[in-house]
Each structure stands twice: as structure tokens, then as C-alpha cells.
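Next come two complexes built around chain A: one with chain B, the other with chain C.
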Partner chain A sequence: MNWTWFHKLGSPPTVFAFCGALKPWLLTLGLIGIGIGIWQGLFVAPADYQQSDAYRIIFVHVPAAYIAQMCYMLVGIASFVALVWRMKVGHAVAAAAAPIGASFTVLALATGSIWGRPMWGTWWEWGDPRLTSVLILLFLYVGYMVLRASVNDPLKGDRAAALLAVVGLVNLPIIRYSVVWWSSLHQGATLITEDGPRMPPAMLTPLLISLAGFTLLFGYLLASRLRGELVAREKKARWLRDRLGNVTSNSGSSQTVETLFIVVALTILGGYVGVAFLYPQDWPVLSAIRDSMSGYGAFVWLSYYLGFVIVVWNMLNAANRVEQATQSARRYAIRHEEVMA
Partner chain B sequence: MRTDPAAAGLTQSMLAIVRRELLLSLRRIGDLTTPLVFFAIICTLFPLALGPSRELLALIGPGIVWVAALLAQLLTASSIFRQDFEDGSLELYILAGHPLAALVVAKVLAYWLITGLPLTLVSPLLAVGYQLSGEAVWVLMVSLALGTLVLSLLGALGAALTLASRQGNALLSLLVVPLSLPVLIVGARAVALAATGGVAAAALKLLAAGALLGIVLAPLAIAPALRIAVD
Partner chain C sequence: MTPRRQRLIGLSLVVVGVAVAAAVGAGAFRDSMMFYVELPDVVAGNFPAESDFRIGGLVTAGSVQRETGKLDVRFTLNDLEHSVDVVYAGILPDLFREGQGIIAHGRLNDDGVFEAHTVLAKHDENYMPPEVADALAKQGYKAEPKQ
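Up next is the complex of A and B:
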């Protein structure tokens, strides 16, 4: 069998082109999958006999939790590959994936907490090992990203962070089992047990579709961020200079302000809606939404809204990073031409 | 007594490192006592903040003594390799011709003798303040002895990783605390079980397993981290 295609995945220009070709497919298929999964989950799947409509948070919560953990594995494996075989692309993949994984960890925590409110009667239940271990996962992500950012020499930062990611990968199961062991000693009043009730197909199918959609969308986000990382890391490489020549120079202004504006506006809107949901007021549209989903509308819609914010934030952030890296590389290319001439 | 360094065996070199570290800490006695005083102060804070109820303190005592020990260990962790890094000893360790991981084991064992062991020996005094007595005190000491060894290894890893970083101590805590949670959970649980008349043997065996696993695996990560910093 011919393995050259595999070895080419270690070369930045090939990966750059590969990600570029894959991006539109991942985005389209991912959005279609999420759309179908959520539509079926919200409106087609039957209500749960125990949790009524509140369980519908599952169609955003479980994909978020899955991506949070899968992404940490990805960071760890990419770091291992980068350390052992000294592949630059491995560091770039790990650096690109970590912020996405961290944001989905926040989403998993937030939706889990929102789900806990109607089900356990509390926003946070220490007796549930999954909430606690996802919180620790978030700490691991933050430590990883801060370590990388705090080293002046980017090459050293890459390798130190990669080592930490590999250690974290080894330690994660130990942390996980110790937390499970710990909470099993505390007789937590959890409604949802580890082995939970079996899911009927009418609920499972939308969940699987939603999972697939979120995974593809994660692939899209990773591909865009990875392109940004590669541009930032390879800005002195010839292949990038050649390629930048083809890219027509657009506005040239950074999108940072717009991104910030959109995220802040979404957050304020969300805060307003959240407050309106939580305190019983008779505002026309909001109370109708709140009373939907057999009274759990506030929790269900708030979860989906947060999922939307996280996805939008990730897309804008990825585009922003690519833009910044491209501009920096273009400046370098112009300077290079001046020096050469 | 002087031997040719190139001819020195691995065991000799490791013993030399341990002796050097112990000697250095004895000459600067403040390094030895600061974590102990810090440990005592944290254990004093909780009764002052929560009130003097004996039942409450007996209930939360094992956890608090353990958290205090963890924080006291972290307090000094960033200094494990700092001086060796600045005065060039670290480069000599790397060039010594012995496996760096083995020298790291000696370094960490010395660090444990300077911080972990004194913490363990002082802990019965603080346990009295939390109404722990009898078997629970013994379990506390054994769990701290084993647990601080794992914490020393993790602290050394954090110290090695943050050598090249701009923000030393705060970042070190951020990296090490999540990794050391299993030790805290199992250690505090062992003491709590012993205090309430349960059987702590399983938890202590888990800690011992963790210590063995740590002393084999952690140096394999600490050594490359040191190489990255020195590169």
C-alpha cells in the first residue's frame, strides 16, 4: 500500500490545502446534521416519562461534553506525535484544538448546570462525578493554554505545553476514577445514574445525528483554526508567500472589534433573556417561551441559546485568527520583497 | 574521599545530589521551616473562620489538614529547580552522563525529605486541634508521607515545565492542582474513614500505588521538561 498520502499530512503546505478543501464540506454537513438533530430532538422525539421535556437539553449537552473530552484526547495525541516524531503540524493541531475544546467544555458545564436546576433542584451537584470531572477538565485546558502563552520562545512553549498535554492524558483517567470513587462514597441524590435508563430509538436517533453534526462542525472549526496556526507559524516559508500572492488583499482591517461587538451583544441579550426566564414576569413573548416544553422552556431554550453563542464565538474567533495571521504574514512578505529588491 | 566525577557510579551521584540538597537546606533553615509554619497557619485559619464547634471541626478536619499540606507543598515547589537552573547546575546534571530521569529521582527524593517528611512529622500536632486521635493520626501520617511524595513529583513536573515561563508560581499551581486532585481525594478520604471508625487500608494502598506509579513515570516527564527549559 502506498503511504505517501499519510506522510504528506506532516507537511504544512499539504495540510493547509487539505484543510482548505475540507472546510466547506465539514461546515455544510455539520450544520445540516445539527439542524436535523436539534429539530428532531426538540419537536419530534417524545417527552421522557420521568424528566418530561427537560431532557431535551441532551441534544446540545451530550455533543458538547463529548467534544470537550474527545478534543482533549486529540490535543494529547497530537502533542505526543509532535514530541516523539518532532512533527511541527502536531503542535499546530494541538494549539488550534485547545481553545475550541475549552469553549465546548464551558458549554457542557453550563448546560449540565442548567439541566441540574430542574432535575436536582440545584445548579451544582457535587455528588455527580461527571460535573466535577468536566470542571477539572476545564482547569486542565486553561493550564495548558496559559502555559503555552506564558513562554516567550514559541518553540519552547509548544514543547512544554505538549509535554503537559501528554501528562494530562495519562492522568485524566486517574482523575476521572478518583472522582467517581469519591462521589460514590457520598450517596449523592442523583436522578441520572451512570448506567442510566436505556434510550428508546426515537430519542437516540436525533442524539446520534446531533452528535455527528457537532463533530463535523468541530472538524470545520479545527480546520479553520489550524490554517490560521499554520499561517502564523510558517510566515517565513516560501510556500506561504507564493500562496499569499494569490489571495487578493481585502479590507485589511482587523475584525476584532466586530467580533467583540457581536459576542458582547449576544451575551447581553442572553443575560436579559435569562433573567426574564428565571424571574416570573408576564412579558408576552418570553412567558410563552418559558411555559413551552411543559414548563421547562426556560432551561431548554437557554441551553440551546448558549450552544448557539459558543458556536458563533468559535466561528468568529477562528476567522479572526486566520485574518490576523494572514495580515502578519503579508506584512512579512512585503518586507521580504523590499529587502530582496 | 574525592572521586573522579566521570567515574562516579549512578548510585553515588544520586546520593551526592541528596546530600547536597539536604546540606543546602540545613544551611538555610528558613527554607525548611517556612512551609511548616504556613501549614500551621492554614490549619489555624479554618477554626477562626468557621467557629470553634468541635463536632464541625472533627468532621472537616481530615480534609482541611490535607488541603493545607497540599498548599504548603505547592508553596515551595517552584524553587525545586530554580536555583540549579540559574547557576548552571542543571546543565551539569544533563551533561553528567547518567540518565537525567534518575538524577531527577534523587532531586525529588531530597525535596521530599526537606518538605514532605517534616510536614508529616508535624501533622499530629495539628491533628489534635481537629479532635483526631488514635488510629486516625497514624493514618494521617502514613497518608501524608505517601501523598506528599506524589505531590513532590507533580510539583517537580510543574516546576520543570514553568522554568522557561514568565509567570512562575501562580501558573505552577494552576498546572499542578488539577493533576494532584486524586491524591487529595484519596488521602483525605483515608483519614476521614479512620476518624469515623472505617477501614482506611484500601485508600492507603491506593496512595501507595500512586506513589510507586509516580516515582516510575513522573521522572520520565520531568527530564524532558528540564531539557526543554535548558535548550
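Up next is the complex of A and C:
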């Protein structure tokens, strides 16, 4: 068997160029898909016979939960390959994917909780197997990131964290079958069942479009962050010095402060709106929004708002990481030239 | 054996080992995780007397009684063979209705009535528009959409 393609996947310059070429396509198609899926999910798809308009949270919740698990699969497999075949790019992929997966796990937990309050009658049920196993998924992501960051030697940090990531793969089938093996408040699978999706096409189509859009956006985020990781890890490599001029960079200053400002502003706005939603104040615009969606407006719009915040955070954070890594590599390249001269 | 193959086998063994440990642990949790008692056991008297536990079942059609001007509600849970009376004072979840699967958390009093402090509604995996549900009901089908 010819393994050339596999070895090319392990070559940082190839992966760097590949991600750069895919990025604009993934971003454009992803945003279009999310836009169409969410528009149809909110305004075109019919209401549910039991949950009325509250079910519309699934158009954010299901993609978030899917990405949370799919991304962990990627982290685990990339770590496995990196450990067994000593492939450096594997560690870079896992390190780039982990923060994205963690953020979507938070989104899945939050939107599920917002749905659970009106439908189940509780925000959170301790001991519920589905809820608990997804919470463990979040801890695995956080554990991976913290462990990697806490070891001084980057290579040892990578390997220790990769071992945790591989072991954590065991959690994925537990999440999938938690609703089958135990008595869980969470309902069973709707999309993948023996007799097909238990959902009519009018609801299924927007959900699948939204899923595809979020997956493509995830691809964009991963491609961006992976480029950042590669720049940070390979700043001493000659291939990178040759390309540093090609890496787009808009300003010389770090964007951290701006990012933080935007995220804090969005969070305060959301917190304010959320509190206003959930407690019965009679403010004109807010009560109109609250009464929309057959009275579930508070829950539905809060879920979509959180989805928006997570997407914005991811895009700013990815851009930020690339910028920081590029600046650092540039400084290294300049010092290198001075020494050589 | 090459070092690479050693790593491949070693790492695979670690994953399998953890999976087995998780399966054993999960199996041990199976009954106790939710302090969940099946309805036949409740009827037969096999339940923790001194602590709260959960029961689950369908809300019996026609059994829901509300006291006017109060939150108190009284209903019967059944699993098609056994039934248990439940009393609850609180706001019911929006999915609570007759025929719906629900979970009640509380304890059995001396009269054999389950005093719930929490009532949670369980949703099933079926989604459909109200018109379709009505049409199906008219034809005598229960809510179960087939594509």
C-alpha cells in the first residue's frame, strides 16, 4: 500500500497550505448553511404537537452536541496517531480542536438546560446519565487543555495530554448509549434509529442544513487554529520563514483586549436580557420577545443568543491565536536574520 | 517488535482496560444511580422507607384532579399493570399531561400515596406538527409518526 498521502498529512507545510486553501470556502459555506438552517428552523418549520415552539432550540442544541462529540473523536484519534506514530501534526490538531470542542460542549449543556426548564421542569438533574456523561466530556476537554499547558516541556505536555485524550474516548459510547442503558430523563435518539428519523421532513431538513453549516464552520475554526498551532510550533523552521510574508496580518498590535471587550459586552448584554426574560418585568420590547414563540420566546431566543456568542467567541479567539503566533514567529525570524548577518 | 508496534499495542490495551473498568463501574451504578424504583416494586413494598426515591410511569387518563385556587394536584401513575397515587404541590412542567411519561421524586406515606416534591416530564423521541398528530389521532393511531 502507498502511504505517501498519509506522510504528507504529517508534514506541517502541507497541512498549513491545505488549511489556508480550505479556510475561505469552509467559512462562507458554513455561515450560509447556519443562516439558512436557523432561519428555516425559527420561522419556516412547523411547531411540534407537544412542545409547541420550544422545540426550536434543537436547531442550535443538536449541532452543538454533535460537534462536541465529533470534535472529541477528532482530538482522541489525532492524539492516538501522534502517540503511536510520533506524528507532531497530530498533537497540533488535538490542541487546535480542544478549545472549539469545549466551547460547543458548553453550548450544548446550556441550551439543553434552557430547554429542560419549561419541558422537563428542571434546569439540571444531577445523576442523569446523559447530562452527567456530557459534563464529563467538558471536564475531559478542560483536563486536556490544562494538562497540556501545565507541563513546561511542550513535547511532554503534548504526550501527557494526548494520553488523557485517548483514554477519554471511552466516554463517547457512554454518551451515545446513556439513554439506552439507564433510565434517563433525556429522550432517546431521534435522527438515527432503526426505522429512520422520527421527525417529518419539514423539521428534519432545516436541522440537517443547520448541522452541515455548523460542521463546516467547525472546519473553518479548526483550519484557522491549526495554522496558528503550526506557526507556534514551527517558528524555527525554514518553510515557515519563507511563508511568513504570506500570512495575512492586519495590525501589529495584539487583539486580545478588543476580543475580551466584545466577549464581555456580549455576555453582559445577554445576562441582562436573560434576567429580564426569566423574571416577569413589563418592558415593552422584552415582553414582546418573551411572548413570541407561543410564550417560549425567552427560552428560544436565549438559546440562539448563546449560540451566537459561542460562534463569535470562537472566531475572535481563532483569529487572535493566529495573530499572536504570527507575531511571535516574525520576531523570531527578525532575530534570526540579525544573527545570520 | 518495533517500538512503534509496542506503543500501538500498549495504548490500545490502556483504552480497552479503561473501557472494561468503565463498563463494570457503570453496571454497578445501573440500579442505584437515580434511586429509581420500578412501579411493581413500589406496589410490593420493595422501596427505601427512610429516603426519597424516584418512580416513573404514565399519567393515567382521567386521573388528574386539581384543587381550585391551589397548586395541589393529585394523579395516578401506571405502567399498564400497576398504579400508584401521587400527590404534588407545585408548578407542573409544560409537558405534563394525561398519558405522558413522567418521573416523580419523593417518598411514600403511610397511606400508600406517593408524596412528590418534584415532578419531571419525560419527552419521547417523536417530533411532528400538531395537524399531523390530530390527523393520526382521528384515524385512531397513537402518536407515532412513520416516514
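To be clear about the criterion, the second predicted complex is superposed on the first by the 298 of 341 C-alpha atoms of A that agree within 3 Å, B and C clash if a C-alpha of one lies under 4 Å from a C-alpha of the other, contacts with A are read in each partner's own complex, and residues count from 1 in each chain.
The definition used in the following text is that a contact is a pair of C-beta atoms (placed from the backbone, for glycine too) under 8 Å apart; a residue touches a chain by one contact, two chains touch by 3 or more.
Please read all numbers here as calculations on a predicted model, not as lab measurements.
Contacts of A:Val44 after superposition: neither chain B nor chain C is touched. Once the two complexes are overlaid on the shared chain, A:Ile334 sits clear of chain B and of chain C alike. With both complexes superposed, C is the one of chain B and chain C in contact with more chain A residues.
Within the superposed three-chain model, A:Val275 lies out of touch with both chain B and chain C [touch as defined at top]. Of the two partner chains placed by the overlay, only chain C lies in contact with A:Met119; chain B stays clear of it.
In the superposed model, A:Leu169 lies in contact with chain C only, and not with chain B. After overlaying the two complexes on the shared chain, residue contacts for A:Val84 are found with chain C alone; chain B is out of touch. Touch criterion not met for A:Leu9: it reaches neither chain B nor chain C. Judged by the touch definition given at the top, the superposed model places A:Val264 against neither chain B nor chain C. Residue contacts after overlaying the shared chain place A:Gly127 against chain C, while chain B stays out of touching range. With the contact threshold set out at the top, residues 83, 163, 166-167, 170-171, 174, 181-182, 185 of chain A are in contact with chain B in one structure and with chain C in the other.
Residue ranges on chain C touching chain A, taken from their complex, read 4, 7-8, 11, 14-15, 18-19, 22, 26, 29-30, 33-34, 36, 56, 91-96, 103, 118-134, 143, 145-147. On the side of chain B, the complex with chain A involves touching residues 157, 161-162, 164-167, 171, 174-175, 177-179, 181-182, 185-186, 189, 210, 217, 221, 224-225, 228-229, 231. Within the complex formed with chain C, the residues of chain A that make contact are 46-51, 54-55, 80, 83-86, 118-122, 125, 127-129, 163, 166-167, 169-171, 174, 181-183, 185, 187-190, 193, 195-200, 202-203. Interface of chain A with chain B (complex): residues 83, 136, 139-140, 142-143, 146-147, 150-153, 156-157, 159-160, 163-164, 166-168, 170-171, 174-175, 177-179, 181-182, 185.
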